[in-house]
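In the two complexes below, subunit A is the common chain; its partner is subunit B in one and subunit C in the other.
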Partner chain A sequence: MGLVQNVVFGLVQGSYIAIAAIGFTMIYGIVNMINFAYGEYLTIGAFVGVIAAGLFPLPVAALVAMVGAGVASIVLAKLFFTPINETGPVPMLLTSIGLGLVLRNVIRLTAGRSARYYDTQTTTYEFTGIPDVPVGSVDLFGNFFVTSEHLVVVACAVAVFAILHTLLTRTDVGIAMRAMSDDEDLARVRGIDTQMIRNSVWILAGVLAGLAGVLIGIQTNVSVTTGFSQILQILAAAILGGAGSPYGAIAGSYIIGLVLALSTAFLPPSMTGISSAIAFLVLVGVLLVKPSGIAGQEVREA
Partner chain B sequence: MVSDGTNGLDRRTFLKITGGGGLAATAGCIGLGGGGSGGDIVIGQPAAQTGQWDFLQPGVTAATDVAIQHINDAGGPLDREIDLQRRDTAVNPNEARTVVTQLIENDDAVALLGLFSSEINPLFEFLQEQETPVVTPWPGSNFLDTRGGDKGTPDDLSDDGWVWRTVISDTVHTAGAALRALDQDHETVGVINGNTEGARSWADGFINAYESNGGTIAERVEVSQGAASYQSALDRLFGNDFSAFAVSLPLEDAITMMSDWADGNYGSQPILSDPLAQQDLVDQVGDPLNGAWAASPGESGPNYDAFESAYNDAGKEATINAWTPPAWDATMVTALAIERAGEATAEAVEQNLGPVSRGPGTEVATFQEGKEALNNGDEINYQGAATDVTFTDFGNVVGSVVINQVQDGEFTQVETISAEELRQFVPEGEY
Partner chain C sequence: MSVVDRIRDGDGTLAGVAGVVAVAAALLFAVSPLTASVPGEFSVFVDVGILFGLYAILVLGLDLQYGHTGLVNFGHVVFFAVGAYTVAILAAQDSFAGTSLGYPWPLALVAGVLVAAVVGAVVGATSLRLRDDFLAIATLATAEIFHTVTVNFTDTFGGNTGILGIPQPVSNLAGSFEKTMLATLVLFLGLAALTYAAVTRLTEAPYGRVLRAIRSDELVTRSVGKSTFRYKMQAFVYGAALAGLAGGLFALYNGAVAPSYFTIQVTVTVWIGMLLGGASNHRAVLGGLAVIMGLRLFSRFANDYAPVTSGEFASVRLIVVGMILVLVIRYRPAGIWGDAEELGVDT
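Presenting the complex of A and B:
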């Protein structure tokens, strides 16, 4: 095992970060706020999913989780963010931090402290025949494996990317979202129902968070900190890609995922515990070269 | 003329004020809410009711409650009842600092029965400033090997460490794990651990004992806890040749990691840190975990049966884990220290924890026996459930280690390594 195996791990990790980061970055681009409570939307989705999985097959449970997180997202937006929409980004940011804390504790009180687990049957597919190329103590290539969970995560991500692309390029709502992202005032003057678009974004972001929560839950477990532990990586991916750009968020997520996997695998032993910090170093490095992020400028020109 | 209604209001207000004042005065006289000279004696319990280690708390909570019930039923120390105040720290050092302050300043606790190594180690200086004894059933940390206790001079508080533990150190039980690994001919192992104090301390203790007895560490990988995947870390670890690997992580992370390990068919013999001897781990990881084992603090106290009987009679649902008997011991020895001191103050407890545990004196198994002996003018030597609770000068105990191995889908106790065997790993005067 070596480079190929860790690239597989990085792609899987990048996939679920990407699904979440798209929702996160769309809220930033269209509602114009950094929503630190977004991690809790993942947790809500994960918990709804694990409860639903006790009643329905997993794909149906995942759909229930997406609907649940979508409903939670729009309800929370109406209750906490819409009323202060005109106060500027800082009050919105602080409100989202506070809301995140409240949600985390409400989840803890209602769902309990114990972790929950999806009942999944893992199948491992092993691939052999890639010749080893040892460099020092590290085998660069070699055999590798993927599991059924890996395939589900990547397949879901590809499906989300395809649907998102179709939505943004082929539907009135998607085109209106892009228009609002570019210039909200101009979009309003051109007759776009901006409030409806905002609502759509909240729901879409919630749905994506719900899916991401279920996918993370399938790989690990569902606990109060399921989403919170991912929020920094989601934030890093969104900023790296160019805040507000869904396509950039996808690219940023895969970079973060690969950096996390490869840094853990290949950095000196004393640095293996700080792979998240390495991901942020990469983020800072990219922003020094391109302050708007990978796709920030391109989106503005689209 | 003043209306009746106003008169009524005035009267009620007057009654409220005088009643409240009277109640407060009475409470002050009888000592409610403090150690003082009457009323209940408050003991604090900083607890892991939430957070990554919360799965260990129920057994400790139950054992403490049963012990206090027994103590109070026996008349209580100084013929007063113990009032236990339990507050959640979530094993977060910042929360722990707040909770300790609240328990000492607001609740007037004369001793604390808790705190994990993740809380004690970073707060050690702070705890010294509080000058309130911490008698904990939790921390295996080797950080405390030479820092706690009374240094063998009970009357002299100036050299005291104020931390006592009724559970064996990582130095002792990781030595048990190392000893068994070597006995099983695992001459080279890998180690993977989390980056928190407790997880790291276990790994450090294991590595020290293992290497000093001839073993070789092929690779040690430290990981950030809370990750959604540990596959890269495992891939790195298993890029080396070894026959067994040691895992030190909180339960939820360990389930994720060991599931990743099972999915990747990495093989090799898992050696688990002591908190991981949990059925949840087996249930979630499944058959690949068969054969994995953990070395946990044992039940080598001379009076384990007395504890177990009391615990079962109380009908507690929480499963007894490695920290349950030490929680019983911590409560008992603290109450006996108050009884011997003749007063319920933090200083008095600190000065008497050593004398009631080290002997010489009448060996006692329960508070009731100890109280009677002390009232007869005898010295006592508390003999505990987890160990014999003979505190060293640094406030530590030495006890046996039990090996729990996963067999047919559940942990089964397969071996006990005696305290005598393990003493060779504990340098004289350094524990």
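Presenting the complex of A and C:
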């Protein structure tokens, strides 16, 4: 497989990780917690979407999934996270790990173990005629293909980035979010309704998780582990980009996506399974050199 | 737990004596011509009891790290796995998959503890300066990396099959299966008691006070001239070494290791046991662990009567376990037997 093909896969994977990682990192920036249950929000979105897709056309089903995951996110936050908001990051993280365990198994009980599929009509666009340049064991160029699902994922990601940028720079809520992320006390003193902003972030993060879940679902399938299998990548992307920074999360996501995809090109076939470990090695490496990530707030103590 | 739990708080000596007696009794029983039989319905108690002995060593090490020093290690299973795999690779003979070198098992066990300690030192050196929740993530990621490595490096770790043919010294001494089970139970509870004695000695010394000072205010501790990083590193390495010991013992008891034994579930179980009982109190964390493992025992029996499949029942059990974690943090942040004032949490 040519290098170009792996770059395509890397950009696609980077795109859906980015959509999820933005939500994840905004929860970190504004609620000040690492939400380990966030992967399950993707799973909830994917399941709501696949059920809705039986009733509505796919775009409508995706919207239903986004609303569903957004509602789930705010309800879960009110039930589990808001009451312990003042206890600090570690109790919040542990609670999210417990909640993730609960959600995963509730989904397993209600949805069963078998995978479900979105009914999509895939169009494959083949690009041929690029001269193949072998370097060692890796073909640098060569033919590659792009599917309609790939294009949908990338297009959705670009749309999300544009809407997010507008939200954060042009709307009162978005500007308040940025202010809170910088300095919560100052924001409160300046008259920002911090609880309202937190609620908005929970909803926004849920909506993004729902979309990411559907996008992952249309490419592969929907199962109990759909979101959980992504959470460590999302986490790596968010921390790599600097926890709390939405723009950093986008950059981190594409780095992780490309590293994962390209590692499969350079590793022997028997070793492709370790690519997720490579993502974490990248993460640990970044934490060592710059503990605050590429564009992040300071996370090193004193 | 029977032995350890009755001991008065802080009485490490008693635990030490009980541990020595139990270990000696287990070994004598194993070599003696005595026979034993375990009625079918009780074998599950012995089974969970053996696991309790191992997890007790794990939770005592974790409590040294989190309960006393405040280090949020969410990858505890990795040190357990490193100990187990080191013993497996060094001591196993003619394994079906992976490397098996066939060295004597005592040597392998010592190596297991040392390798786990070294891995602990490496992980600690790279992540102990991070903020609490990032330390949790870094250790969690370490566990994930190790898991992926064991699954994929088939030549060394045997992939999903794991490594078989690990010597089972207790089994060889005791002969029959049931006698082995009983001897292992007493032996592991004895070793857990010895661990209890060792960590109690450590934490009741002035050394333990420094650790707790770091937990409550690192900056102040540093300002009185303590090298907090060195203390944190030591606590982390001790905890890792204990987990390595538990892992090595597990390998020598089980006779086989595989990635499926070393999932995040292990980490979650010891964490919930610790938080449920009350971090920083050795007796309390063992009590909490007993509660959470008692739940496992109870659920095995309850499943016989519940009209659901065992898969569904496993899900229900994990939902209960997750809810316990959530509810403990919210309503009893110091745990059932913990000291809220000591831990500096609001109840």
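The criterion applied here is as follows: the second predicted complex is superposed on the first by the 292 of 302 C-alpha atoms of A that agree within 3 Å, B and C clash if a C-alpha of one lies under 4 Å from a C-alpha of the other, contacts with A are read in each partner's own complex, and residues count from 1 in each chain.
We take it that a contact is a pair of C-beta atoms (placed from the backbone, for glycine too) under 8 Å apart; a residue touches a chain by one contact, two chains touch by 3 or more.
None of the values given here were measured: they were computed from a predicted structure.
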Q. Counting only touches as set out at the top, which of subunit B and subunit C does A:Leu283 meet: first, second, both, neither?
A. second
Q) Where does A:Val67 make contact in the superposed view: on subunit B (first), on subunit C (second), on both, or on neither? A) neither
(Q) Is A:Arg108 touching anything from subunit B or subunit C once the two structures are fitted on A? First, second, both or neither. (A) both
(Q) According to the stated criteria, A:Leu58 is in contact with first (subunit B), second (subunit C), both, or neither; which is it? (A) neither
Q. When the two structures are overlaid on chain A, which partner does A:Ile130 contact: first (subunit B), second (subunit C), both, or neither?
A. neither
Q: Have a look at where A:Ile274 lands relative to subunit B and subunit C in the superposition and call it first, second, both or neither.
A: both
(Q) Which partner chains sit in contact with A:Leu99 here, subunit B, subunit C, both or neither? Use first/second/both/neither. (A) second
Q. Between subunit B (first) and subunit C (second), which, if any, makes contact with A:Gln5: first, second, both or neither?
A. first
Q) Overlap of the subunit B and subunit C footprints on subunit A, residue-wise? A) 108, 113, 273-274, 276
Q: Provide the residue numbers of subunit A that touch subunit B in the complex, in ascending order.
A: 1-2, 5-6, 9-10, 12-13, 16, 108, 113-115, 117, 122, 124, 126, 137-139, 145, 147, 149, 216, 219-221, 223, 225, 229-230, 260-262, 264-266, 269, 272-276
Q: Would you tell me which residues of subunit B are touching subunit A in their complex?
A: 49-51, 54-55, 195, 219-224, 226-229, 231-233, 235-236, 238-240, 251-252, 255-256, 259, 262-265, 284
(Q) Taking the touch rule as given, give the residues of subunit C at its contact with subunit A in the complex, in rising order. (A) 72, 74, 126-127, 129-134, 136-138, 140-142, 144-145, 148-149, 151-154, 218-219, 268, 271-272, 275, 311-312, 315-316, 318-319, 321-326, 329-330, 333, 345-346
Q: Under the touch definition given earlier, write down the residues of subunit A that touch subunit C in their complex.
A: 33-34, 80, 83-84, 87-95, 97-102, 104-106, 108-109, 113, 232, 235-236, 239, 243, 270-271, 273-274, 276-277, 280-281, 283-284, 287-288, 291, 299-302
